[in-house]
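So the structure is just underneath, and the comments pick up after that.
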Amino acid sequence: MHKAAQRRIIIPFLMPALALLGIFFIYPLVKTVDLSLNEFSRTGMMRFVGIEQYRLLAGDPAFFNSLKNTFLMTLIGSCMLFPPAMAIAWALSQRIHGERFFRFVVFAPVVLSVAVVSLMWKFLYHPTLGLINPALKSMGLGALAKTWLGDPATALAAVTFVSVWHGIGIWIVLLCAGFERLPADVLQAARIDGAGEWRVFRSIMLPMMRDLLRMLAILWVVQSLQTFAFVYIMTAGGPFGSTDTVGTLMYRVAFDRADFGYAAAIGVVLVLVMLTVAKLLNKVMKRDDLQY
Amino acid sequence: MTFSTDLAEHPGPPGHAAPPPAPARTRRRAAAPPRPRAPFRPHHLFFYLLLGVVAFSSVSAYAWVFNVSMKTNSEFISSPPWQIAESWHWDNYANAWDRADIGLFFGNSVIISVVSTLIGVVLAVFAAYPLARIAFRFSGVVLSVFLLGLMIPWMVTFAPLYLIMQDLGLVDSQAGLILVYATYNLPFNVFVLVGFMKTLPYELEEAAAIDGAGPTRTFVSVILPLMGPGLASVAIISFLQNWNEFFYALLLIHSPEKMPLPLGLFQLGQAADYGTNWATLFAGMVITVTPVLLGFAVLQKQITKGLTAGALKG
Amino acid sequence: MKVALKLVAGLVLVPGLALTACGGGGAGRPAAKAPDAKTWQQDIKGGPIEVGVLPAVGTPSLTFLEDVAAGIEKDYAGADLKMTFANTKARPALEQRWRAGDALDVDYTMFDGTNPALLDWADEGALLDLKPYLDQVDTDTGKPWLDQFSPAVRQFMEHPATKKIYGVPSELSLQVLFYNAALFKKNGITPPATWDDLTTAADRLKAAGVDPIAVTGLFEPYMGMWSDNLWLRTVGYDKAHGVLTEGKGHITDDPGFLKGLQLLQDLRDRKSFLQGFEGTDFTAAQAQFFQGKAGMILMGSWLVSEMADVIPEDFELGVLPFPTVPGGTGDEASMLATAQLMSVSAASENIPLSLEWIHRVTSAETQTRRAKEIGEVSAVNGVPSPPGLPGISDIVTKADRLQASYYGLLESKAKDIVYPEIAKLLFGKQDAQQTLDNLDAGLRRVHGN
């Protein structure tokens, strides 16, 4: 009965969003697939070359290097992001002292523009004039001083850290929303039963938020596989390609070389990679779910 | 950002979910007792430590930006990053205001970001509802299309997008930019809202149907009020995205009188890159960031309320 | 999510939707109604035009150009010149406008006769051939307009095949070696004219406790300036350009390539580069030079106008061409430079006014004022050196040829091959021979030879 009534609203509810999506996103995306089958001149004249661009891509070490870095960044970033974001959201949901203040400052960096944040960290990372190395030296840890952005071993992690530092507020907001939705009576009951806070977190909160976490993990993967701005501004992909991501590679190919066909091919492959990873992630995290 | 979330009923057993009568709204808001602060527990130490570190880094960042905005350019280049400005150069602010046309661009940015965020959130919540709560044949496909929308590599799709905007006469128009922003907010919003809606018990609709409510009314008066936290989150995130977006604005807006703030800041940034005009850039940053932070501080009460409304009833 | 994959597969198989090109392309452009070359100056009428400019809002450079525009607006009733920022980061959006047939009337970076990647717009008829207008006798000087430009920049302006001219230079950027003259004097060091002088100077600066050479490790093409200039001396422009950018021959063919790399390695091994340069941003590197923490920097001549605000008043700047390399078999006297060319759109609605803009910007009078007030280096004959760059005009005059900076690599696939390897060499990750081997392998791959 109300199922039938419900069906009537499906189309009117979906239509406006799908219409916009169709015009401004699906159409350009379909065109992108089309572009990837062509070769371009700088002026936008194109010539059909079939799957030639994909053939080139399969033998391009720069592409595989960028793909590797992008995955590394996603992985390192998720380690830097989720544990602290979880802990902070958990803390903020506890009504601790100064909660409002903390909520505010934790979110504040999100508002700063990427350009300014990158600039600031470039100065902080500066090997001799910055903040980190002199601080390490003054604490007698001079041995730990690095050239950070200038060292292929640390550059990737250093850039990732900045992007996590800048964006963590957003994830905390989403996680807070999740914590706030937990049924307070259940938590209360557990606490009354004498469960420690860590126990409550691990055995009740975490499992109940699994769906949200899965969704956030997928969002993180999809977002960080497209990483561009911080890398572009801070290292431009260097030193010697150690921070080059698929995003920065695509930007160079499209705008420096004006090679839209190749850039589109990279884009299409990237979308396929993202879909596959999202799918895998969804599956893996669902399977975990079954244990409960 | 008042999604009248205090109406939110915690999802309970069937039958308990009928919306409370509307008049209760204002009274309840006024009367909602402040949630008691949690008594101190040992594990709070860990929280304070963590929050302290994050808060310190964020406050320091703002202090640094503000400090630089008070320096001269040569001071910025020649002094250690954390040295306090020798004297306060408020003239940097006057320069930034004039050069980046901040008054005008700010107004444009407010219009563009607010309208696009509204469209993006409203359309998304409507689209999310059937996807999350009604089983139909192509729901998986439709959801995948939205998920695909999160994966657009803008470096390559911008060229076709420009052409279609040109065909629609939407190049160099704020309406065009608004539609693009709203569209590009949709996938994220839908994805998050579907996630939130799926956590609501299905008995909600059944109970409402028994009470004789049609599906639209059920959506508006039962589901929507429970979406407070989710809506608040996606609205904030969409707004920030639209507020800071740069590339599509650069691509689609050509007339200075229609430009949003990031284009003004871009010019200041270029002046910094090509003319070491750092102080002005930072003053411009402070000017543009302050209202957003203030807005967040003011609205935070509402947002937090929205976020906690669910727990309140528990 | 499985459906999504199917969906994508479906999209790939829909070639029917794939008809119109990514841009309007060259084909659909309206035929230009170019004014008669003899009378274009009489044809100038008011109206709106949009001109691309390189300086950002709020810089003295832009104020200066706005002044020039105001002059034109005063002279021609109804003329309205809109300035659009057209520098690097704005290019993607502007080039899309060109592709969509919605071009600026005057724009930068649309043409460079020495760079095969930048001939497309001219070849497809998007740009106005300026030759007929440049050949006319200029009423101001009594000589053809073309004659006022230094012959050294002609190759940038001219299409190598058709000999048509598609751009006039509003300014020049030269790669020169800047040094801290006061510091050199204090330590009794002679400004380096040859490579040996340079290494000696580096050692003595080092001994005096100053890092000899400032360089950034975070922007590879700026490190590449060192190998670019060395190869200019040890290999020569045409050969190096052929091997690196065009894939003509191999990098192992000419021993000059290895020699250049060995000299660079030697410089590195003497610890001549700024301490911690690997993680130093270019702004910071430049600032360290002007603070006296480094003695020299190889940089574009824009350095002085870029850093004008932060150069200490008592700073004594010395400018030199890149040192010669004794025994080098390349171009001992040429230098790497970029001419910033303004091109006129063939589809401009108001070609005469657009021509008037480029005419006025490149007039000897404007260029002289620009050199004095802004510090731009001019490509126009007889314009003096900017006060901040003493002697640069002489350096340009003495250079027998100006050659394209970066060998046109920045727009080429080989960019990702060449500069990262140079960075590895500078960072001490590999020696000259390994660098050459890696370059060889990479270049063979991207050029397919």
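As written, the chains take the letters A, B and C, and residue 1 is the first residue of each chain.
Operating definition for what follows: contacts are C-beta pairs under 8 Å (C-beta built on N, C-alpha and C of every residue); 3 or more make two chains touch, one makes a residue touch a chain.
This structure is a prediction, so every number in the text was calculated from the model and none was measured.
Visitor: Look at the interfaces A-B and B-C and say which one is made up of more C-beta pairs in contact.
Guide: A-B
Visitor: When the mean CA coordinate of each chain is compared with the mean CA coordinate of the whole protein, which chain is closest?
Guide: A
Visitor: Averaging only over C-alpha atoms, locate the centres of chain A and chain C and give their separation in whole Å.
Guide: Between these chains, centre-to-centre, one finds 36 Å.
Visitor: When the centre of a chain is set as the mean of its C-alpha atoms, what distance in Å lies between chain A and chain B?
Guide: Going by mean C-alpha positions, chain A sits 17 Å from chain B.
Visitor: Would you mind pulling out the distance in Å between where the CA atoms of chain B average out and where those of chain C do?
Guide: About 41 Å, centre to centre.
Visitor: Among the residues of chain A, which are close enough to touch at least two other chains?
Guide: 29, 31, 35, 44, 123, 126, 129, 254-255, 260, 271, 275, 278
Visitor: Using the touch rule from the top of the page, what residues of chain C touch 2 or more other chains?
Guide: 1, 4, 8, 22-23, 92, 99
Visitor: Quick check: what residues of chain B touch more than one other chain, meaning two or more?
Guide: 145, 147-148, 158-160
Visitor: Which residues, counting only chain A, touch chain C once they are in their complex?
Guide: Residues in contact with chain C: 29-31, 33-35, 37-38, 40-46, 61-62, 122-123, 125-129, 146-151, 234-236, 238-241, 252, 254-258, 260, 268, 271-272, 275-276, 278-279, 282.
Visitor: In the complex of these two chains, what residues of chain C are touching chain A?
Guide: Answer in residue numbers: 1-2, 4-5, 8, 11-12, 14-15, 17-18, 21-27, 91-92, 95, 98-99, 117-118, 120-121, 124, 126, 217-220, 275-281, 284, 288, 410-413, 415-416, 420-421, 423-424, 427, 429, 445.
Visitor: Quick check: in the complex, which residue numbers of chain C touch chain B?
Guide: For chain C paired with chain B, touching residues are 1, 3-4, 7-8, 20, 22-23, 55-59, 61, 84-85, 87, 89-90, 92-93, 96-97, 99-100, 102, 283, 287, 290-291, 302, 305-312.
Visitor: Across the complex, what residues on chain A touch chain B?
Guide: 1-3, 5-10, 13-14, 16-18, 20-21, 23-29, 31-32, 35, 44, 84, 87-88, 90-92, 94-98, 100-117, 120, 123-124, 126, 129-131, 165, 168, 170, 173-174, 176-177, 180-185, 188, 197-198, 211-212, 215, 218-219, 222-223, 225-226, 228, 247, 250-251, 254-255, 260, 263-264, 266-267, 270-271, 274-275, 278
Visitor: For the complex, which residues does chain B have touching chain A?
Guide: 10-11, 35-38, 41, 43-44, 46-48, 50-51, 54-55, 57-59, 61-62, 64-65, 80-82, 123-124, 126-127, 129-131, 133-134, 136, 142, 145-153, 155-161, 164, 168, 179-180, 182-184, 186-188, 190-192, 195-196, 198-199, 205-206, 209, 214-216, 219, 229-230, 232-233, 236-237, 240, 244, 262, 265, 269, 281-282, 285, 289, 292-293, 296-297, 300, 304, 307-311, 314
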